[in-house]
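As written, the chains take the letters A, B, C, D and E, and residue 1 is the first residue of each chain.
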C-alpha cells in the first residue's frame, strides 16, 4: 500500500502545497505583526506566490527535459498538461497583482488583516487544482475551495453593508449553483461508474443519443457552470458582487476565479461531455447570444464603474463561450488567449479603480473618475489602453482574443453568430468610452489625487506592459496557447 | 409492493432537488434559503449513495462525504456572513438586501 | 431459543428484550445516580445527605420521581408550544438511542454496528438540539442565553472529544464497540495506557459535554438561573434530567469501553487472575454484610427491616451468581457496571471539588488547550503507529 | 424478506419529502430548521437502507449535530421574531413554478420512457474500485471475516477509508484546506474585531 | 538603410515625434508647437523621396519591406506602395503638416496632448495606406480611430462628445464587420492553399465561390461605406466634421474618408472580383453613389452653417468617387482616385478656410457674414480658388477628376452620367451661393468690420494646397501615370475581358503607356471608343 503514491505525485502539487503553506504562514506571522507593519503580510504572500511560480517553472522545465508533455498524479486525479500550466500562470500572475494592489486599499479600509492574503493564497491553490483536476471529486472540492475563499474576500469589509450584501448574494447563489453542479456530477458518476473525466468520456460515448439521464446531467451541469462563469440567465449575482466586493477582490475574482471557472467549464464540456456535443451545442449558442446581449446592453446604463465592468465581464463570458461553440482548435486557442489577455487588461482596469479609492471616497462611480487626465495622466492613459483592450481594439491585447474567437466562428460556419458578436464590440466600445470621456473631457470634481501606492504603480506597469506587448508581439503567447489546445484536444 | 430500484431513489432525489430549488427561489428569509440549499445537497447525496449501491462502488459514498464537507463549510461561512450583515442591517430578508439591485 | 419466532423476526428478539430492559430500568438507575450524587456530595461536605425516605434515603429517587410526575406541567404563555414539548423529548431520545450500541457485556448489548462509536457521537450530538430548542422555545431570556451557551460549549468540546476518541480508535482500528473491547483483549492492555493523553482529554471534554461542573455554565444558577430548563417543570423537566444523567452514563460507558477495557475484567489475559471471575459473588456477599451491619446500626424498625431486606437480596443475588451459567453471563455486565459506576463517582467527585470556570475560560480551555492537544495526540499516535508498522 | 427495505424506503421518502416541503413553507425559521432536521434524519435513514452506515453516521454527526446547530444558533442570534410576521415569499413564484414544472416534466419523461432510461454505468472495476490489493488489505484488518453481503460495499467504514485515504487522498487534503478556509472565514465574518 | 526602410521611416516618424513630445513639459506650449510642426514638416519631407523614386512603369508594389511578425497566424509586418497609395500618402503627409501648422493659434489648452494625438493619427493613417498585410492594415485602421476620437471629443465644438462617440461607433461597426470579411478571406485562403496568410498580394490572387464573395463584399462594404461615407451610412459625417476642430476636419475630410475608397480599391475590387462585378451589387453601388451626389448637394444647399455645408459637400464629392469606382472601367477608377486627391486638397482647404474665419468670429453661421472680401481680400482670394477647385472649374483640379469619372460613367451608362452631371450643377450652386452670401454683398455686420486678413502662417497653410490644385488642374499627367499600372491591374482582375475589348483604354496594352485621358487630346480618342464598343461588350458579363 505504501507504493500507492510516489513522491512524483506530490512534486506535481508543489506549487499548490507551497501556496497553502504560505497561506498558513501568513496567518501565523500576522499574529506577530504590529498594526503599522501589516504590509509585511503582503510581502509574505508575495514570496509565497514567487515560490509557487518557481516551483511551477521547475516542473515545467523538467517536463520539457523529459519530453513528457503530461504529468499525471494521484492516479489521474490531477493532470498537469499545458492546459493547466497555462491557466496556472494566469492564476499566479493575477494573484500576485491582486496582492500588491490590496495593500494600500486595505490600509485605507482599516481591514488589513493577514487573513486576507492567506485566503487569496488558498483561493489560488483552489484555482490551480481546478485547472489541473481530472476527477469529479477533485474538481468539486477545488471549486468549493476557490469559491468559498472568494465569498469571504467579498465580504471582507464587514463594516460595509454593500460588501456584506454582496457576499451574501454571492454565497447564496454560489452555493445554490454548487448544488446544481454537484447534482449533475452525481448523475455523471451514476452514468459511468467513475469519477475520472476521461473514463466518463469513454462511457458517455457509448450511450445512445438522447439518453434522458445524460440530458439531465448536461442540463444540470450546464446550469451550475453557467452560474459559476456568470452566463445569462444565471448572471444576476455578478454585477452586484462586483459592485459590493472590495475593489481588489473584484479585480481578483474577475480574473483568476473567472479563468478557473472557465477552465472547469472547458474541461467538463470538452472531456466528459464531449461525446454529447450535439445535445449542448444549441443550449450553448442560445446562452452565449443572450449573455452577450444582456451584458452589453445592461452595461450601457450603469453609473457605477465596477458594475459596468461587471456587465462587461458578462459579455466577455459570452464571447468566451463562442469559442466553445465553435469548439475547434482556433476557438479553444481563442479562449485561452482571451483569458490570458483578459487577466492583464481587467486587472489593469481594476487597478486604476483601486487607485481611485481614497480617504472618504469609494471611487467606484464613473463620475469619480472625472478629470483623471488632469490629476494622474498616467492612470488615465493606461485606463484608456485597458478599456480599448477590453473592447478589443488593436493593437491592444484584447483584440487578439476576439480575433481567434471570430475566426473560429467563421471556420465552423457560424456566420450569424459571428456578425452578432462583432456588432456587440461596437456596443461595448460605447460604454467603455463613457468612462474615457469622463476621464478626459470633464473637469475634476475634487482635488484628491488617486492613491498611487508603489504596489499600484507596479501593477499598472506590469498589466499595461503586458496588454501592449501581447497586443503588439503576440507570437510567443499564441505558441503557448497552441500547446494548451493540444492538451485539451487530445 | 414493487421492488425498490435505484430509479426510485433517483425519483426521490429529483423531488427533493425540486423542493430545494423552489425554496431557494421563493423564500425571502436568507436562512431558509440556505436550508433549501442543504436540501439540494442532500438530494445529491441520495443520488450518490443510490448509485454507489447500484454500481457496487464505494466512490459514490466517498463523494457524498465531500459534499457533506462542502455543505458544512458553506453553512459556516454563510452564517458568518449573515451575522455580519445582520449587525449592519438588522434584516435577513433577501429582498431587503437592496443596496444594490439584484 | 425458547420461543419459536418466524425467521424474519429471529434476529430482532433479543435486542427487543434488551431495549425494553433498558427503557424500563434506566430511569430508575438515573434516579439512583442522583441519589449517589447527593450522598457523595454530603460525604464530601461531611454531612449525611438524604436520610428520610427509606433506609439511608434509598427510596429518595422514587419519591423524587413521584413528585416530578405529579407536579403541574407549566407551559409559558408565549412559548412555542410544540417545540417546547418536543425539545426534552429530543434530548432524552438522543440519550437513550446511544444505549443501543453500548456493549454492556459480551452478551448484553442491543446491537453491534460497524460504526458503533461514530454512531454514539452522532446521536449524542443530536442531543444539543434538545437543549437549544428548549431554550429558544421558552421565549425567555435566561433559557435562551443558557441554550446558546450550552450549544456553543457542546459544539466546542465535541471537537476535542472527537479527536480524543480518534486517538483511541487508531489504536483499536475499529469503530465497532465490541470490536474495541476485543481489541483490548487482544492487546492485553487497556487503551488508557496507550492513550493516556486521549483519555485525559476525553474525560475533560466529557465533563463539558454533559454540562457537569466545573463546566456547568449552561445552567450556572448564579448567572442565568437554571439555564435552558428554567421554564421547564414537572414531567418535562424530569425528561431533561433523565437525559442529562443518561448522558453521564453514556460518556462513562464510552470511556470505559474505549479506555478501560469495557466489560473485560482486569488483566483478562493473565490466567493466574482467573479467580477474579468470582468477584461478583464476593462483591454481593460483601454488600450483604455491609447491609446487615447497617441494619444493626439503624434505630428505627422500618429502616432496620429495609436494610436487612437489602442484605438478603444481595445474598440471594450472590447465590444466583454462583450458578456457573449465570456467572458467565453476568461476568461482563458486572465489570462494566463497576467501571461505569466508578467513572460516575469520579464525575461526582470532580463536581464537588472544582469551582466553576468562567465562560471565557471554558472556551479558552477548549479551543486553546484541549483541541490542539488532541490534534497533537492524534498526530503523534499516527507517527508512532507508522513507525511501528514499518 | 424484501418487504422491509421497501417499506422503509417509502416511509423514509414520505418523511423526507414531507419534511422538505414543511421546511420551505414554515413561517418560523426555527420550525423550518426542525423540519429540515427531520428531513436530514430521513436521509440518514435512506443511507442506512442503502448500507451506507458510515455516511449515515456522518450525516447525523455533521449535519444535525453540526450544521443544524449552527443554523439554530444563528437564527437565535439574529432573532427572527419580527421576520416571522412578515411576508415569507418573494414574487418569484412564477419562476419557481416554472422550475418545478420543468423538473416534473423531466420526471414524467422518465416515467414514460420507463426502464430503459435508467441505464447506469456498468458495475465492476472502475479504476477506483476496490481491487485485489484493497481486499487483501481489508482482510488483514482486525475482525473482518471477509467481505460482507453487500458486495463491495461492506465493510463500509474501511472501504470509505480506503477511498478517502487512497483514491481520493488529494480531494481529502483539499477538503482540509477548504475547512480551514471556512473556519477562518467564519471567524473573520462573524467576529466584530479581529 | 534609408532606401530600404523609407516606408517605415515615413510611417513611424510622426509616432516617434509624438513619443518625443510626451517628454516635453506641458507648460512649454511654444516649444511643443515648434517641435510638432518640425516633426510634421520632416514627415512631409521624408515622404518626398517616395514620389521621386517611385517607378511608375513597374507592376506591383514598391519599396516593399517585410518582416516576420506573428508567424503563428501568418501575419507579417509588410509595407509597400503602388501608385494609388503613393498619391494618398503624399496627400496625407502634406495635409498632416498643414493641419498641424493651422492649429498654432486655434488650440490653446492641452496643447501637448493635441499634438501627440495629431501625430499619432498621422502614423495611423499612413499605416493604413502602406500596409501590405491585412492584419497590419486592420491594426492601423483601428489605431487611427482613437486619436481622432480624442481630437473631436476634447477640442471639438459644443456637441463634441456626441459627435466623437458617434464617429467612433459608426466606424467601429464598419470595421468589425470588415474584420469578419478579412477573416473569411484568410480562412478561405487557408482552405484553398493550405497557408495561413494575411498577405494582401497573395489574397488578391484568391478565387472564392461567388456567393461567399458576395457575403464578404457586403462585410467589406459596410466597413468602407461607413468610412467613405456612402449614402445611408453618412450620418456621422456632418456631426463629426462640424464638431471637430479645424485641423481635425481637414484630416477627417482630407484623408480619413479616403480610406473607405482606398479599401474598395485595394480589397473589394481585386479580392472579390466576382462580387464586385455582380450586376446587382454594381447597380446598388451606383445607385447609392448617385443618391449621395444629389442628396449631398441638395442638403448642402440648405445649410446655414458653413462647416456643415462643406461637410455635406463631401458626401456629394465622395459620391463621385464611388461612382467612378463602380463604373469598373479604367477611366472611372483612375478618375475616382484623382478625385479623391482633389477632394483632399479642396475640401481640406475649405475646412481650413472656414476654420480661419471661425477663429476670428467664433461663428460659422452664413447669415453672420457678408461682404468679407472687402476686409479680407487675401482670404477671399484663397476662398475663391478653393471653391472653384471644389466645384470643378477647368484649370483647377476638381475638373480633371470629375470629368474623368463622368467619362467612365458615361462609358457604362448615360443615365448615370446624367445624374452625376446634375450633381455637379448643384455643387456649383451651393458653393457659389455660399461664396456670394459670405464674401460679396455689403458689410453690414459691425462685428465683421475689424477682421484681420490672413497672416503669413495662415497663408502658408493654404499655399501648398493651391499649388497642388493648379498642378493637377494644369498638368495631371504624372498623377495619371503612376495610376496606370495599378488601375490596369484592378480592371484586369475585375473584368478580365475588358482590355481585350478595349486595348486602347487607360492603362491597357493598346494605349500608349504615357497616354492620359486628359481633356486635351486623348479624350477624343478614348471616350468615343468606349462609347462605341464598351457598353454592349460588357453587358453580357454583368
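The rule we apply is simple: a contact is a pair of C-beta atoms (placed from the backbone, for glycine too) under 8 Å apart; a residue touches a chain by one contact, two chains touch by 3 or more.
What you are looking at is a predicted structure, and each value in this text was computed from that prediction instead of being measured.
**Student:** Treat touching chains as neighbours: how many steps, at the fewest, connect chain D to chain E?
**Tutor:** Tracing touching chains, the least step count from chain D to chain E comes to 2.
**Student:** Leaving every chain except chain A exactly where it is, which of them still form connected groups?
**Tutor:** B, C, D | E
**Student:** Which chain has its C-alpha centre farthest away from the C-alpha centre of chain C?
**Tutor:** When every chain centre is compared against chain C, the largest gap points to E.
**Student:** Between what two chains do the most C-beta pairs come into contact?
**Tutor:** B-D
**Student:** Relative to chain B, which chain has the most distant C-alpha mean position?
**Tutor:** For chain B, the chain whose C-alpha mean is farthest off is E.
**Student:** Report the chain closest to the protein's overall CA mean, measuring from each chain's own CA mean.
**Tutor:** Taking the mean of C-alpha atoms per chain, the most central one is A.
**Student:** Just curious, how far off is chain E from chain C if you go by their C-alpha centres, in Å?
**Tutor:** For chain C versus chain E, the centre distance works out to 98 Å.
**Student:** Approximately how many whole Å separate the CA-defined centres of chain C and chain D?
**Tutor:** It comes to 31 Å between the two C-alpha centres.
**Student:** Between chain A and chain E, what is the separation of their C-alpha centroids in Å?
**Tutor:** Roughly 44 Å, centre to centre.
**Student:** What's the distance between the Cα centroids of chain A and chain C, rounded to whole Å?
**Tutor:** 55
**Student:** Among the residues of chain D, which are close enough to touch at least two other chains?
**Tutor:** If we look for residues of chain D contacting two or more partner chains, we find 54, 58-59, 66, 70, 73, 77, 106, 110, 118, 120-124, 126, 128, 156, 167-168, 171, 175, 178, 181-182, 185, 188-189.
**Student:** So which chains end up touching which?
**Tutor:** Final set of chain pairs in contact is A-B, A-D, A-E, B-D, C-D.
**Student:** Going by the contact rule set out above, which residues of chain C touch chain D in the complex?
**Tutor:** Touch list, chain C to chain D: 8, 80, 83, 86, 113-115, 118-119, 121-126, 128-129, 132-133, 136-137, 144, 147-148, 151-152, 154-155, 158, 173-176, 179, 182-183, 186.
**Student:** Which residues of chain A touch chain D in the complex?
**Tutor:** Against chain D, the touching part of chain A is residues 1, 4-5, 13, 20, 24, 27, 73-78, 113, 115, 118-119, 122, 125-126, 129, 135, 137-138, 140-142, 144-145, 148-149, 151-152, 155-156, 158, 167, 189-196, 199, 203, 207, 211-213, 216.
**Student:** Using the touch definition up top, name the residues of chain B that touch chain A in the complex.
**Tutor:** So the residues of chain B in touch with chain A come to 6, 10, 17, 20-21, 24, 30, 33-34, 37, 40-41, 43-44, 47-48, 50-51, 54-55, 57, 59-60, 62-63, 66-67, 69-70, 73-74, 77-78, 81-82, 84-85, 87-89, 94, 97, 99-102.
**Student:** Using the touch definition from the top, list the residues of chain D that touch chain C in their complex.
**Tutor:** Answer in residue numbers: 1, 4, 28, 30-31, 34, 37, 53-54, 56-61, 64-66, 68-70, 72-73, 76-77, 141-143, 154-157.
**Student:** Which chain D residues qualify as touching chain A in the complex?
**Tutor:** Within the complex, chain D contacts chain A at residues 106, 109-110, 113, 117-124, 126-128, 133, 137, 166-171, 174-175, 177-178, 180-182, 184-185, 188-189, 194.
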